[in-house]
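The structures come next, written out as structure tokens.
In what comes next, subunit A is part of two complexes: it sits with subunit B in the first one and with subunit C in the second one.
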Partner chain A sequence: MNTTENIRLQDTSKRRQLKDKLVLGMVVFFSLVTVSPIILIIGELVRKGYRQISLDFLIKNTPDTYSAMTAIANGERIPGGIANGIVGTLIMVVLAAAIAIPVGIIIGIYLYENPGKRLANFTRSLSDVMQGVPSIVLGLISYLWVVKHVTNGYSALAGSVSLSIMMLPMIVRSTEETLKMIPNSLKEAALALGTPYHKVILRVLIPTGFSGLFTGILLGISRVLGETAPLMLTALGSSMINLDITKPTSAVPLLIWEFYNDPNMIDLIWSSSLMLMILVLVLNMISKQIAKKTK
Partner chain B sequence: MRKLLTLVLAVALLSSCSNSSKKTTEGKAVDLTAAGATFPLPFYNMVFKQYGEETGSTVTYGGIGSGGGIRSLKDQVVDFGATDGYLNDEQLTEMPGEVLHIPTCMGAVVIAFNIPGVDSLKLSNDLLEKIFMGDITKWDDIQITSNNEGVTLPAMDITVVHRSDGSGTTQIFADFMTKISEKWASQVGVGKSLNWPVGMGAKGNPGVAGTISQTAGSIGYIGSEFAFAQKISMAKVQNSAGNYVLPTIETISAAAQGEIPADTRIMLTNSSDPASYPISGFTWLIFYKDQAYNNRSEDQAKQTVDLLKWMVSEKAQNEAPKVHYAPLPAAAVEKAKAILSTVTYNGNPL
Partner chain C sequence: MNSDKITRLVLSLGSFILIIVAAGMVYSLVMGSIPAFKTFGFKFIFSNNWDPTYGKENYGALPFIAGTLISSILALLISLPLSFSASLFLGEYFKGTRVARILSMLVDLLAGIPSIVYGLWGFYVLRPLMIELGIGSQGFGVFTASLILAIMIIPYATSLSNEIIAMVPNDLKEAAYSLGATRLEVIQTVTIPSAHSGIIAGYILSFGRALGETMAVTMLIGNSNKVPDSLFGTGNSMASVIANQFGEADGLKLSSLIAIGLLLFLITAIVNGIGKLIIKRMQ
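Let's turn to the complex of A and B:
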């Protein structure tokens, strides 16, 4: 009897181990399926785009179609690069962040401090709705507000406004969620010591939740980095580096669209996409690292 | 936090600096902005850059589509717009001021095909209608082979490839088809996007070209600037004189040899010139006849007209063929110059 029971036990444990392995295999398989698109995308971009990447690509303006054509005919690398797009993207994203970060953090603090109030609930649901607004609609709004009435023409400022509206709800929500995770006792202790309210926010809440806020901001930035549709209606594009925010300005995603339309520049599509992808990936990784460290 | 605040301050300072510098440069080199059609984008980017190098002013062109170009001019947020289709009378009355057109260069729609072992194809008007209406479905159909003696056509299904996005290329093609085929005119008509009787859609010239090159037995239409640059096999198309003409820079320019109205608003498809490629057309720049609008300075108005004049000058026109656009014939250049001489600022000639 003893031995038969042993055998039965061994049998079930073997079966369990088998099941265990099967489930593990499935989990690994599906994880691989999930990540394979991103690996395939990057692989394809690297394969098609690496030839164009060089120092020139980062520091020179877009070439004209004729020089690109002659270079292709001679089997050379296409001269020039995407410096106008990189500079434009940086200006617009920094400006958008400068608009969206202070406003977003202040709204986030308000939502955290007054969770039950009707205005807070209204604001919260509005910002959730805003997250779902298609980016082209934000471009149209910025066209009506800024292009038509403020700068009287296409401008980097108009592009920044549309991008900042896009970033805003993300920053608001991440600020609120981060502050919620800070132990209430910390705030109470500061208030008990007689610290004024504004100092509690500036010196206790924001520094404690800094990493969370920072992650939210970086994710917001990496989301707007690749936006094309709102910029076509607002920033328009430019073949030169432009530092005047009231003038049309280029951006990397806009350049990719221009290259797509020019039969001689097709090779540049891949390298520009690769650059954009790398930029977004690096920002994402930095934000993940910061989030991990502070947990 | 403090760092963040300094960053915000720095950005604000920077932007205010650039604002003030703009005011001081006004009156010398003026920066111009234009937007519109994507078809001439490579040509415009190139010649605007040359113009900038000669005069020191920057011309920015955004390829946001013909519709976007018309919209921008209507909203007065650009110095001039660009479009592949001229504004009809109704559109003209909707504009806040009188709008003028000048043609800048010419392009065509080529019929591209991918039939293994075949590099030359002659298509009569009748064949074009039957292929694109889906009445002929095999390449070795007797109607095609009898029109192409000496070419061995395989027993392969015909796959029609067309644009899935709205496009001026589609409009020119449909305009030509409407002129040559009653069946097309009554069942499909003209438009930027159509209700296609047969075939599969692909996005943009690159999409159609890519689909054709990957599909044996396919046929479709592509913008000439794209087809020439990519060295795609093109069919000879029958023009209204009955000749079979291959699209080239010369045969496209020939389409504008005939009568052109004074305002240059004309579709050049099915031109009567015996040497012309029949699916050709102008692309236009559009601008206000009176340049004093929306607080524009006289310098800016002058600069705009100078640039427009330069676009139809010999120098700029000579650049067009280098990047596969057909230059304007002399008659069209004269018409454009006459139009430009009527431009005013506050009623005074410029």
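Let's turn to the complex of A and C:
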């Protein structure tokens, strides 16, 4: 090998190394850019929202525009809070979970028990399609089903139905995925002892997969907690705490939307968003923690 | 009938419930849109006239279809370099390290932020920035909406492609390293070729998500009922027009909004179906 050739080889090698380093630098830079919004968003919420948060904020109903306006004019803190939204969110999410969890788990077990069956494959595909349906379309559907025909007006029930259709596919898939991880020998042992099929499900499959199922449920709940669009078409909102599920009801995301549209209420936007974020993030983290522990 | 049979029956009953719900969804949307399609025919999809004036009502969905597609495609393009870098960071360069765990946790947090909070942040932080940069006098527009959409779909694109990238067999990579390839060359010749269909599926699914986003887009796209005249102009999306105009809608307008919902449903179902099909083929 003569020297010029050697130098040329070294040159290309250096260029290759340099290119490699350059791309690594870009990957690190873009990755940092990717996660910067989360820090900026949480920072903004805390900075603008912490001042309004107090006991009143949690236990009082939303003020009307006039009292908010006078408070601002007098330089006082806006009175009232988001209790009506918190109660409404609780009612609708609990109701949605009560509808979606049993049905979702039953379907999930069915898919796990009949992996190759045509009906199971079809159901799985359908649930995949449903998972991709935009939430506003679920709102429309729930409007057509419940608002128009069942409660004859906007209602918490209609809101729950839209949220439950949203949760259902998530619970179905997480149930199936969880059960797939349970060793088959466990089920076989139970069946070999002559245990009836329903007892195998209730006493073996569900308890063994409990943490996985629970994670799926929590993720589903944290996903629907922040939903606004479908509730605009179904629950509408209310300025008072309402326990009747056939009447219009508020929710925290709906209140944020109302505050956003009312210049007098701007100060309340950030504190309610902060509350909502904390709730969603805590649920998210609990579910991740459970998932990690059981792995 | 013995208890085993009853149990099996109950289990398959769930399947039927799901099928009935899905069929009911399509049925209600189709029935609800019939008046709109009867009045305007297929012109409904291609007409860009949206006029709610009583007596000469005319509704066409083109501005909203165009706004949805343009803002989602732009969002996908913006998110591409970011989420692809993040998935390489997680699945290749720093796979299994502490810093990767922190990054992946932050990406997960990004996925948990409600749409309306993204909208608020976009409205109060991103929009003033747009005004400062001289993009639109109000800062509203397709571009601003796409920016926020891009941030919203990054977590999905990242976690989907990171999973696929992390699955690439180590032997293949080691073989390339032993031939003297640099990290970049391994990524170019081994990782991307063997993971590309999964990565593409991940981007298709995130695109499907962008199509249906409502609140953040509603707060930033400008809500003008016309086909956007430029990337920085204002427009509207299918989901946003439903959210914005539903409250005061009845009769033909309501039916037109439901028809837009049906179209949105079909578009997202097709896009998601393609994405899931590619992933299923891989397994």
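We take it that the second predicted complex is superposed on the first by the 260 of 295 C-alpha atoms of A that agree within 3 Å, B and C clash if a C-alpha of one lies under 4 Å from a C-alpha of the other, contacts with A are read in each partner's own complex, and residues count from 1 in each chain.
Operating definition for what follows: contacts are C-beta pairs under 8 Å (C-beta built on N, C-alpha and C of every residue); 3 or more make two chains touch, one makes a residue touch a chain.
Model, not experiment: these values are computed from the prediction.
Annotation for the three-chain superposition on subunit A: subunit B and subunit C clash.
Once the two complexes are overlaid on the shared chain, A:Y66 sits against subunit B while remaining clear of subunit C.
When both complexes are overlaid on chain A, the residue A:I278 reaches neither subunit B nor subunit C.
Set side by side, subunit B and subunit C differ in how many residues of subunit A they touch, and the one touching more is C.
Of the two partner chains placed around the shared chain by superposition, subunit B is the only one that A:P248 touches, whereas subunit C remains out of contact. When both complexes are overlaid on chain A, the residue A:G237 reaches subunit B alone and has no touch with subunit C.
When the two complexes are overlaid on their common chain A, residue A:T228 makes contact with subunit C while staying clear of subunit B. Legend: residue contacts after superposition of the two complexes on their common chain; A:Y260 is shown touching both subunit B and subunit C. Applying the stated contact rule after C-alpha superposition, one finds that A:V46 touches neither subunit B nor subunit C. Judged by the touch definition given at the top, the superposed model places A:I165 against subunit C, while subunit B stays out of reach. By the document's definition of touching, of the two partners only subunit C reaches A:M26; subunit B does not.
For subunit C, the stretch among 169-177, 187-195 or 241-249 that collides with subunit B in the superposed model is 241-249. Of the residues of subunit A, those at positions 232-233, 257, 260 touch subunit B in one of the two structures and subunit C in the other. Here subunit C touches subunit A in the complex through residues 3-4, 6-8, 10-15, 17-19, 21-22, 24-25, 28-29, 32, 81-86, 88-89, 93, 103, 106-110, 112-121, 123-125, 151, 154, 158, 182-185, 187, 205, 208-209, 211-215, 219, 239, 242-243, 246-247, 257-258, 261, 264-265, 268-269, 271-273, 276, going by the rule given at the top.
Against subunit B, the residues of subunit A that register as touching in their complex are 64-66, 69, 94-95, 98, 101-102, 147-148, 152-154, 157, 202, 206-207, 232-233, 236-240, 242-248, 257-258, 260-266. Taken in their complex, subunit A has these residues touching subunit C: 16-17, 19-20, 23-24, 26-31, 33-35, 37-41, 44-45, 103, 106-107, 109-110, 113, 119-120, 122-123, 125-137, 140-141, 144-145, 165, 168, 172, 196-198, 201, 222, 225-229, 232-233, 253, 256-257, 260, 269-270, 273, 276-277, 280-281, 284, 288.
Contact residues of subunit B toward subunit A in the complex are 1, 4, 7-8, 11-12, 14-15, 18-19, 21-22, 31, 33, 35, 38, 41-43, 45-46, 48-49, 52, 58, 60-64, 68, 72, 75-78, 204-206, 225-226, 229-230, 294-295, 319, 322-323.
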